[in-house]
Each structure stands twice: as structure tokens, then as C-alpha cells.
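Both complexes below contain chain A, partnered by chain B and then by chain C.
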Partner chain A sequence: MHRYPHWPFHVTLSTICALMLVPFIWVLKTSLTGENIFTYPPSVLPQDPHLFYYVDVWYTIPFFRYLVNSFLVSLIVVVANIVFNAMAGYALTREFIGKKAIIILFLSCMMIPFQVTIIPAYLITKELGLLNTHLGMALPVMSTIVCIFVFKASFDAVPRSLIDAARIDGLPDWKIIFKVMVPLSQSAIATNIILAFIWSWNNFLWPLVIIRDQHMQTLPLGLSRFLTVVEDTTGALYAFCIMVLIPGLVIFLLAQRQFIAGLTTGAAKG
Partner chain B sequence: MSIIKRKRTRELLLIGFFLAPSLIIFILYRIIPLIWNGILSFEFWSPYKPAEFAGLYHYQEMLFYDDVFWEVLLNTVIFMLSSPLGILLALGIALLVNAPIRGRNLYRTIVFMSYPVMTVAVGIIWQWLYNEKVGLINYILMSLGFIDQGIPFLESFNLALPCVIVASIWQVVGFYMIVLLTGLQNIPPSLYESAAIDGANSWQRFKRITLPLIRPSIFICIVIGIINSFTNFDLVFVMTQGGPGHATDLLITYIYDEAFKLSKFDYAAALTVVNFVFFLGLALLANKLSGGEAGAVETGD
Partner chain C sequence: MLKSIFINRYTMTFTVTIVVALLWNLFILFNDSGILSGRVVDRNNQPVADARVVLSEKTLLVTAPRDEVKTDQNGYFRFEGHRLYHLYLEAMKGDARSSSSREVRLYFKGQNKKLKEPLVLGSDR
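Up next is the complex of A and B:
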């Protein structure tokens, strides 16, 4: 396979990666020093890094409150997604009347981006009395169609003979699900957790629409608000960015494989 | 006989029970809103006023009297037409990281890393990179001697939209790359081997084997690009708020402003109908052109 030299690949890819990384590195650097770009001499590495801006963010805005809100919403979304998607995915492995109609319904729902439903979705949530609540933020994304099919594919892959054997042993349906199917579907569960968490953690438009109360704001809302309130506390703004980016990045780096598997199963989020 | 029947009923109940939560969520937050939105677009309505039939009033207003609508529509189209640039770039990167070189997994991770991060933060970072006085881009351009004074990128009527598009491509290029890479990895290596034996050079192999076989992946990317141009609210909202004027407003940000800032829910509903019909038409067209496989989910039936 060594018919061509590898170095042009490395040079090109390194350049591209540098372009992808520069914004991250620059934000990290500024958040640690607050020095603006015209400090002389300009440096790539932070000089005298300190955590002042991180402490600043923690105390000047209700960062902890935003963090708890974001975390609670994501927790509801992740748990609901695993349970509901697994249930629907399991149902779709069985034969029943109207199964085709249900699948068509799911697939057509995939063609409706959530963004084109926000006005009535807002009015419905208002009718339900869920404006300004964690549940209201979570409800529309508590099940994901792509993930239902991820579960279905995973359950379909469980050998039929294994299920029959369990049935002959006299295990009831729910026991078959928990003792046989679920342990064999860990990868589908991981995909669900990661996709649901990242989508919910980053979700902006929906909370923006239904949250008016400052104490209910999630991190992205707090971040965009912080941007409009403070103009000159550059360091603090970028410290805020880093603090918001880290959880998503860490989870992505830990479970890249499942994340990508989930994304490439369906076309896109929506 | 009746035992079997009872068992069958119980099984149906169980299936219904299992499907119910997901179905309720999708009916409540997809199907009903879509219908409600359609009805709302033919009404005069605001939160404190009873509904009144409006016929095509909002649509006439939109098509004949609202210049902003045409401007944001054009912006959305420009945004969409820029996605092939990102896809082309991603195809190049995908071909590079598909080669058997050391460290390719690291390269893939780095290129993909900008996709799962929070778009609001991405918007803030890019807004700052474009900053007239302290932005990195102006700093580099000045250091290299291309310009004497900082360019106010995001305040410029001509430059603001391309700048937002660049930030958007930066964020989504890794996703395109992953989709294309999946396509590339599904090509059996034996095809290349036999083509090489037949004396095909690398360009011929690319044109005759690679391109036709990753066509479905390319169409998935195109559909993603279309979806992106109709739903990319966060980046515009954070970077420019649609400004200057309406230079960077997309349909989705315009809908948000009309509905939730001006409380013109009825008019915003009509805009949403246009947004959805336009989106659906393009997505179906792309799907048809690709042979009906773009964005298909493996349903296993």
C-alpha cells in the first residue's frame, strides 16, 4: 500500500485540523488570560493563565442555576428517550395490524422539522400549563424517531432462538425484554443516551420560546443573554463558552463511535 | 380457540401500550402543530382576540406587500446553495482520511469535533473572530498587510451573510465528512483492485467507482444542507440577530421575530407554511434525484 508518499496527506490534513481547532484554542486562551489580541508580543500559548474569569462567571451570574436547569432537562430527555424509544422499537419488532401505517406515520414525522411547528407547539405547551417548566422544555424531544429505529434494528438482531428458549423456560414478556433483549442492546442504549443528551444540552430555540422566567433558563439561554448584557467582559464571556462546551465535548469524545453510529442511521436531526 | 384469541388481544394491548408514549409525543408536537399551523395561517388571530376567517389575506400580504419576506427567502436560498461548497470540502477531507495513513482517526475526530458542540457558543466564538477591532481574522489580515483598518464583517450588508455561511460550514463540514466516509467505507476494495489490474488510473477509478457508489451519501449531505438552511436559527440569532437590516435573516429567524417579538402569530404561521412547503418540495426532489434512498432510515421491513 506504500506506493505513494504520505506526507502530502499529513500536511493537508494538519492544515485543515489547525483551521478547525484555532477557534477553540483562541477561546480557551482568552478565557484563561483575558488578554486581547494586541498584547505584545502576540503569543499562541497563554501567558500567566489564571482562573479569574471562571470564578467571575460562577459568581456574577446564576451559572449554577443554569447548569442545574440544563442538567435536569437533559436528564428527563435522556431517560424518557431510552424508555419510550425502546418500548416503541420493541413494539415494531412484533407483527400487528396497522404496523405499516405506524411506520409511515413515524417516517413522515421525520420530515417535519421541529422548527416549523414552534408556533402551535408554543400554544399547546401554554394550554398544558408547561411554559417556564423543565418538563415543558423536555416534552417535545422525549422521543426520537431515528432512535426508535436504532432500537428496532438492535432488537431484530437478537436471535429468534434465544427468545424462543426463554419463552419455553416460561419467562413472561417483560422479563424477556429486561433479561434478554436489553442486555444485548447496550450499543443502541449508548447511542440513545448520547444523541439525546447532546441534542437536549445544545437545544436553544425551544427553551428560548417557552422560557420567560430567568430562574428557569438553561445554559445556552444564559450564554446568549450574557452576550447581550455584557460587552466588555471578554474574558468572562469566553470562560462561559468553555464551561458550556466542555460537557458536550467530553461526552462526545468518550462515545464518538455510538454518536456517529446514531447520526449515520438516519439522515439528520430534526 | 378463545385462549389464543385472548392471548392475541393481550398482545395487541401490550403493543399499543408500548407505542403510546412515542405516538402521543409525535401527534402532540408534530402532527397537531402542523395542522393547527395551517389553519392559523388562514385566520386573523392573536392571543387576546377571537379567531376570524382571513382567507388568503396573509399570503397576499406576504407575496405582494412584504419586501422583507422576499429578502429573507433569497437569503435562505443563498444559504442553501452554499452547502455544496461544504460538501465538496468534506468530500476532499473524507477521501484524505479514508487513505491508510497513520493518525487518521485523530484527524477524523478533530474535523468532526465542531459538529456536536453548542451552536450558541459557536456563534459567539465566530462573532468574535469577525470582530472589527479585536477579531483574529482582522488581526491576521492586518499583520499580513492586506488591509490597514479592521473590516466590520458582521456589520457589512454585503459580507455579513457570507460570514455567517462560513461559520455554518465550519460547524457542519465534519458531519458531511462522516456521512461521506461511511459511503466510502462501504465500497468493496476488490472493485478498486480489479480496476487497477485493468489499468484504470486513479482519476478514472474515482470517477467510475467512487463517485457513483457514494451518490446516496452525497444526496444525504444535500438533504442535510437543505434542512440546515431552513432550521439554522441559533447561529444567525447569536451572531447577527438577522442584521444589519435583514441582511442575514433567514426564514426561520424572520418567523421567530414575527411570532414571538411582534406577536403576529397568524402571519408567522403563514410564513411557516411557505417555509415547510418549500422545504418539503426540495427534500422530496433531492430524494427523487438520488433514486429514493437519501435520508432513508433502515426500517427493517
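Up next is the complex of A and C:
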């Protein structure tokens, strides 16, 4: 078998990776120097770097409060996504009348942007008395269709005989889901955690609509508030971006292997 | 089995984060008395006694004075108990000599700091 040399691919891929990292490195550099983005010629390495813009961010707005709010909402969203999506995904692996119609309905709903449903979502949240609460902020993203299909693809890969054996042993459906299927679907869980966390973490519009109390705001709302109170925003704004970015980045890096496996489960089936 | 539960990249990452945060807060606890000290000299590097040193805070619109002390015989000054993290220092003497406003940035509110460079009276504003 003829083998091609690997180095041209590695060089090409490394170059592409470096190019894709440029914006991130630029943000990081500006957060450490406050350098004007129009400075010419641009410097690759930061000149006189310091961390004072991060201090400005920490004290100018109640950053820790916003951080806690964002974490609480993301925690609720992640837990709810795993529980509800696992249940929905398991249901879609079973045979029942109207299954295809439900799948088509789910896929159709994915095409409706959230902005279209925001008024009914607001009214429902209001009726539930969840305006201005963490649970209210989490409510619309507590189950997402993409993640339901990730679980479905993962559950489809579990041998049918295993489920039958569990059933013969007398396990009810909910125990089959959480004691048999979910432990075998670590990559789907990782995908759910990462996607749910990032969607919740970056969510701006929904918290903007339902939050009235300043102390209930999340980080994306804090960013908009920050822009209104800081005069010279360049360095501090970029520092804020880095501080918002880090938690999502850490979670993605920790679970990236399972995340990729989760997204590709079932891709080569058959 | 226990090792794999407690020593993995997830637990290690979060443990290290918590430990670093705790150590940083401990450091703050012992270094946030708001002590800011330094020295005022003239152009000939001679200490200036009895000079006024004004500590100001820059707000969104103006620089507002927050505290004021006088230097001792050796030109040393010392502020205590301020709760600022971004401040300005300016030294003045009765005969209208004044130093340029020195920007001082701190890593947390009330961080203790000793200025390495003295404030120079009569320097350009």
C-alpha cells in the first residue's frame, strides 16, 4: 500500500489552526495591554502587559454576582437537559403510533427561531410566576431538540437485548433510562453538557426580556451594562470578554473527546 | 477505583481553581489594610517635609479628592484605610510647587503598597 507523507497535512492544518487562533490571541493581547486595535504596525507580542483591566471589570460592575447568576442558570439548564433529553431520546427509540410525525414535528420546530416564540414564552413564564428568577431564565432552554436527537442516536447504538434483559429483570422504563442507557451514553451526556452550558451561558435576549432586577442579571447582560458605565472600554471590554469566555472554554476542553464522540455517534451506523 | 474517581482532569481542574481562589482571598485578607506609603522629593532628590499629598479617585466624570496627608521630616507619607483600587496621588507644597499626578493601580481594593518611585515636586504637570 502506498503511503503519503504526513507532514504536508500537518503543516497545512497547523497553519489553519494558527490563523483561527489569531482573533482569540488578539483579544487576549488587548485585554492585557489596552492597545488600540487600529495601532499600526500591529505588534504580535503584548507590550507592558498587566492585569489591571481585569480588576476594573471585577469592580466596575457586580461581576461576581453576575458570574454566580450565570452559573446557577447554566447548572439548572445542564441538569434539566440531561434528564429531559434522555427521557425524550429514549421515547424516540421505542416504537409507537405517530413516532414519525413527532420526529417531523421536532425537526420542523428547529426551524422556528426563538425570537418568534418569545412573546408566548414570556406570557407562560409570567403565568408560572417565574419572571425575574433563575428558573425562569433557564425555562426555555431546559430541553433542546438537537440534544434530544444526540441522546436518541446514542440510545439507538445500545443493543436491544440489553434493554430486554433489564425489562425481564423488572426494571421500569425510567430506571432503564437512568440505570442502563444513560451510563452507556457518556459521549451524549458530554455533548449535552457542553451545548446546554454554552447556549445558556451566552443567552442574552431571554434574560434581557424577563429580568428586571439588576442583581439578577447574567454576564451577557452585565456586558451591555458595562459598556454604559466605562469610559475607555478597549482594554476592559476585552478583559470582560476573556472572563466570560473562560468557563465555557474550560468545560469544552475538559470534555471535547466525549463531545466529538457524541456528535458522531450513529453517523456511520449501518 | 477511588483514584480514578478523585484524580481525573475534571476534579483536578475544579480543585486547583478552588485552591487558587482560596489562596488569593487569603492573600487579600492579610493585605487589604489600605496602606499606601511613599516619599516626596524635590528636583534635587532631597526629601520635602510638610508637603501635602492628596489621594484622589477617578470617577466617570471627575477626579475627586478622597484623603490628604502631610509628609514627615524625611519626606515620607502614609495613607491608611482607603478602599480604592484605581487612584491618583499628587504632592503640593505651600509655595505652589506641585508634582505631576501619579496614577496608582492596585489588584484589589485597599491593597497595601509602597511606592517605589518618589513623587517629585516641581516636575512637569
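One rule holds in what follows: the second predicted complex is superposed on the first by the 199 of 270 C-alpha atoms of A that agree within 3 Å, B and C clash if a C-alpha of one lies under 4 Å from a C-alpha of the other, contacts with A are read in each partner's own complex, and residues count from 1 in each chain.
The working rule: a contact is a pair of C-beta atoms (placed from the backbone, for glycine too) under 8 Å apart; a residue touches a chain by one contact, two chains touch by 3 or more.
Everything numeric in this text was worked out from a predicted model, so none of it was measured.
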Greater residue coverage of chain A in the superposed arrangement, chain B or chain C: B
Partner chain in contact with A:Phe84 - chain B first, chain C second, else both or neither: first
Touching partner for A:Val55 - first (chain B), second (chain C), both, neither: second
Partner chain in contact with A:Ser187 - chain B first, chain C second, else both or neither: neither
First, second, both or neither for A:Val229, with chain B first and chain C second: second
Which superposed partner A:Val244 touches (first chain B, second chain C, both, neither): first
Partner chain(s) touched by A:Thr133 [first = chain B, second = chain C, both, neither]: neither
Shared contact residues on chain A - chain B and chain C: none
Contacting residues of chain B [partner chain A, same complex]: 11-12, 14-15, 17-19, 21-23, 25-26, 28-34, 36-37, 40, 93, 96-97, 99-103, 107, 109-114, 116-122, 124-129, 134-136, 139, 170, 174-175, 178-179, 182, 220, 223-224, 227, 230-231, 233-234, 237-238, 252, 255-256, 259-260, 265, 268-269, 272, 275-276, 279-280, 283, 294-301
Interfacial residue positions of chain A with respect to chain B in the complex: 1, 6, 9-10, 12-13, 16-17, 19-24, 26-27, 36-38, 42, 80, 83-85, 87-88, 90-92, 94, 96-97, 100, 102-103, 105-107, 109-124, 139-140, 142-143, 145-146, 148-149, 152-153, 156, 173, 198, 201-202, 204-205, 208-209, 219-220, 223-224, 227, 234, 237-238, 241, 244-245, 248-249, 252-253, 256, 259-260, 263-268, 270
Residue ranges of chain C in contact with chain A within the complex: 9-10, 13, 60, 85-86, 105-109
In the complex with chain C, residue positions of chain A that touch it: 50-52, 55-56, 59, 229, 231, 250, 254
